[in-house]
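Letters are used for the chains, namely A, B, C and D, taken in the order the chains are written, and counting of residues starts over at 1 for each.
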């Protein structure tokens, strides 16, 4: 579990990461409630955006390994690529899950109206995994760390808008409503809606299922072992 | 003025920084397009389509980030890689720094103007007063550049200066209440109105559109004042850092 | 540019293009959540195929997924394009066609679906053939190269063995000569020298005369034994330039002029054997095919090369073919780092040049 | 004992052939110097030998295993020093070593000991707590090497370990390599620098365009290209030296006098240096003698017609 241990260590090694990983989630709790929309407090609506950012920040560590050629060393070490990837991802998902716990249960402690905190936590958890997977797939395209991060940020912004996380999907024109379904953020927005209006449990399972499907697809895409 | 001969190349360097072009031109264009799709046909009671307001906000918001390229160029040329070479050259380094700033301001304004052109001719947004708009945009660009340089001069670690410049951009967007309403107290009210370059410039443009010329000038002049004060601050800090 | 020509890139582009097509169909068509999951599942399969080499039977999973979605959405029909493509790609064209026809007739057949399947099948077969050909081509050229390398290696080994044997033989011979000279001459000559030294100090004329006689005897004996030794050691078979000369002398048909220049001793044995074959082969050729009356053989040896040129004054413009003998000589000279050129302009001309530099041989 | 071997390995990147029927045997205790210009396939050879990249044809054998040469068991016996400096910049030197020691399955006390040993070995014992970002180029290189040593590999593969560092650090590294060899480590070493190979390698393998074009000890290789020996002498009075008597010495091909310098060219291994000098000495004072011997660069130039390093480069 050396890689796991050091992945955690490295995740917390620079100040920007610490701010991203601790301060921002806490700030999320304190954001105010919306009037008509969103149905949950703003912080909980935007937490999805934060999860996406944290995902790429963490995955960048893998990109750094690749950029510097550490993967080459690891390819020669008696450790499989699968072990390397899984231990890294495990470390990152633990960090993300911790964030979700802080946000959800911190909100409960402060008396925010979260309707069903348990389900909300599960939803954030599923989305965290999807976000990590997408980030992993993204970094398999790019070699340059900064460029990959900046382009991903702008891409995220577009996805978030189109997925209906920033603007209620109800005001979208018909075609865009359909296209929105393609983006994972749409499913998070749907999930958040479900938390508030809690219709059938089956719908919630479907939403999580889709997020997990995305996770698997993107992990497969991102699992490539790139050397050089 | 030997510095003049470098201007051309500074401009070229800026035009070839593809990441900046992507972030400050392509992304806003895509976002504007998306918004215009989403908001197509939505017209509130005032009669001005939502998209007009949104695109004005967008153009101004992206000006908040316009300083980043100047910041990285100056950092590269006068602090790290090229430092010794630049100081060995027989020209005035301060003037060189100013020329980079001017180029950056022009570049940023140009990008803003391109966005306006795009939104007018492709998305059909009507801009009422082009000149005024460009004046405000250039004020925002200069302000952003000065703020970024203050960060560069006052923080040791350039990475942190970069992060701070992002905080400046995103922070004022948040404070302007574009993401979510800010709490109502004196502090946030101030930062949501006269203490915020974004709201100031938005207000200036809006007032000009409604022909409140006095209010418009007033807000623009606050911006100008801020620029002058911060410019002096920047000069002091810069002198200490470079000298 | 090279990367662009990789066929697998095209295969994967096709796969993901199909995903785009499904999403397009979905957005324009029913837009139900359930059928979107179908697309996600197919995307999952495609990604798996992209990353890993899945066995053929994995298409069963695609088929099952699509089959399960039959009642719910039309996209399921289009989804069959994937297994059709994959089957054809793996060379199972018959299965692929069968699947094509089965699905096509099970559904209310539309011409669009037909063409959709058709392109999947076509691209599948095309990629299959292309990939197979590429692989075959690679195996082929690899094999060819392998054989060539082995041949080269054997040739070099042979040549080295040849060289080392001739070198060894030379050393042995030198050693034998040294022994012979030492054994047969050394003793007497040393004796004579000693006797002469003694002679200087001898006072009595009688004694001196005797010593002188002794010296004379010894010198006579050693002269005789030198002659014998040289006679014994002179090889009965001719070697080197002599053998070349004898070949030329024995060639009766035409009038031959033989010229030589340079230090013949510089030329190692294995080159002599080549030169000899060269002369023999060329003269035979001339005798058989040429109307020449006169042949010039010219051998030049310099520090760095041996050059043998054989030229006749024949007028036959063109000898119909280069004999296989000459061609093999060409190969041999090339393997020694030299060259052999043949020309028919102005009579028949063969020029063989072999470098003497050691370094050239080691190539 | 055979440590590793490659038999008829063929590898392509796309349609470009990078390894073309490579045969290579590595015996225990050797230091093999792998030479070749950029793009000769050295790095690819290393990558196929360590299982980083797959190959199309042929066989790789590691520690006597052909079936599954890249098993974890075998990988534990290999150390790779990469061409780039592949250490974590946000971890201290010691933590870096701990990381790699951990990956190689070392634990507890043993790990501690080995990490300290490795630091000591590369001379960074007092810098263990520092970040690599604070290191000089040579120190980074040394740390880079140490990362491959904590598990005491049997086969150490070093891909250009001395690129771009000061002569002092380079000597340190070369000495370290010799020490490793003495402790029984087999080493495969690639480099651009002839002198390094000449000083440490027990066997040299020269690659060009994906093929091994020559192998042997340094001396063997030099002999293959050497066809004459040159002795240059600076003498006080060149006119008085009898040139013809020099020319008569066995093996001498040519004698050139230019200014105060006499150059004697003779056949390889004629062993006549002694006699030449004694003759010259009889007639004139010898100020200096210089014997021109070909080096590996000449070997390479002769074999391929190319220079190993771009003349202007590095």
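Here are some notes:
The rule we apply is simple: a contact is a pair of C-beta atoms (placed from the backbone, for glycine too) under 8 Å apart; a residue touches a chain by one contact, two chains touch by 3 or more.
Being a predicted model, the structure only gives us computed values, none of them experimental.
Comparing per-chain C-alpha centres with the mean over every protein C-alpha atom, the closest match is chain D.
Between C-D and A-D, more contacting C-beta pairs join the chains of A-D. Inter-chain spacing, taken between the CA centroids of subunit C and subunit D, is 29 Å. Chain centres here are Cα averages; for subunit B and subunit C they lie 69 Å apart.
Rounded to whole angstrom, the centroid-to-centroid distance between subunit A and subunit D, based on C-alpha atoms, equals 49 Å. Averaging C-alpha coordinates per chain places the centre of subunit A 30 Å away from that of subunit B. Under the contact definition stated at the top, not a single residue of subunit A touches 2 or more other chains. Residue ranges of subunit A in contact with subunit D, taken from their complex: 2-3, 5-6, 9-10, 13-14, 68-70, 72-80, 227. On subunit A, the positions that touch subunit B within their shared complex are 15-16, 31-32, 34-35, 42, 46, 146-147, 150-151, 154, 157-158, 161-162, 167, 171-173, 176. For subunit C in complex with subunit D, the residues that touch the partner chain are 2-3, 5-6, 138, 142, 145-146, 149, 303, 357-359, 362-363. Looking at the complex, you find that subunit B touches subunit A at residues 19, 22-23, 26-27, 30-31, 34-35, 37-40, 42, 159-160, 163, 179-183.
Residues of subunit D touching subunit A in their complex: 47, 50-53, 72-73, 75-76, 78-80, 82-91, 95, 98-100, 102-105, 147-148, 157.
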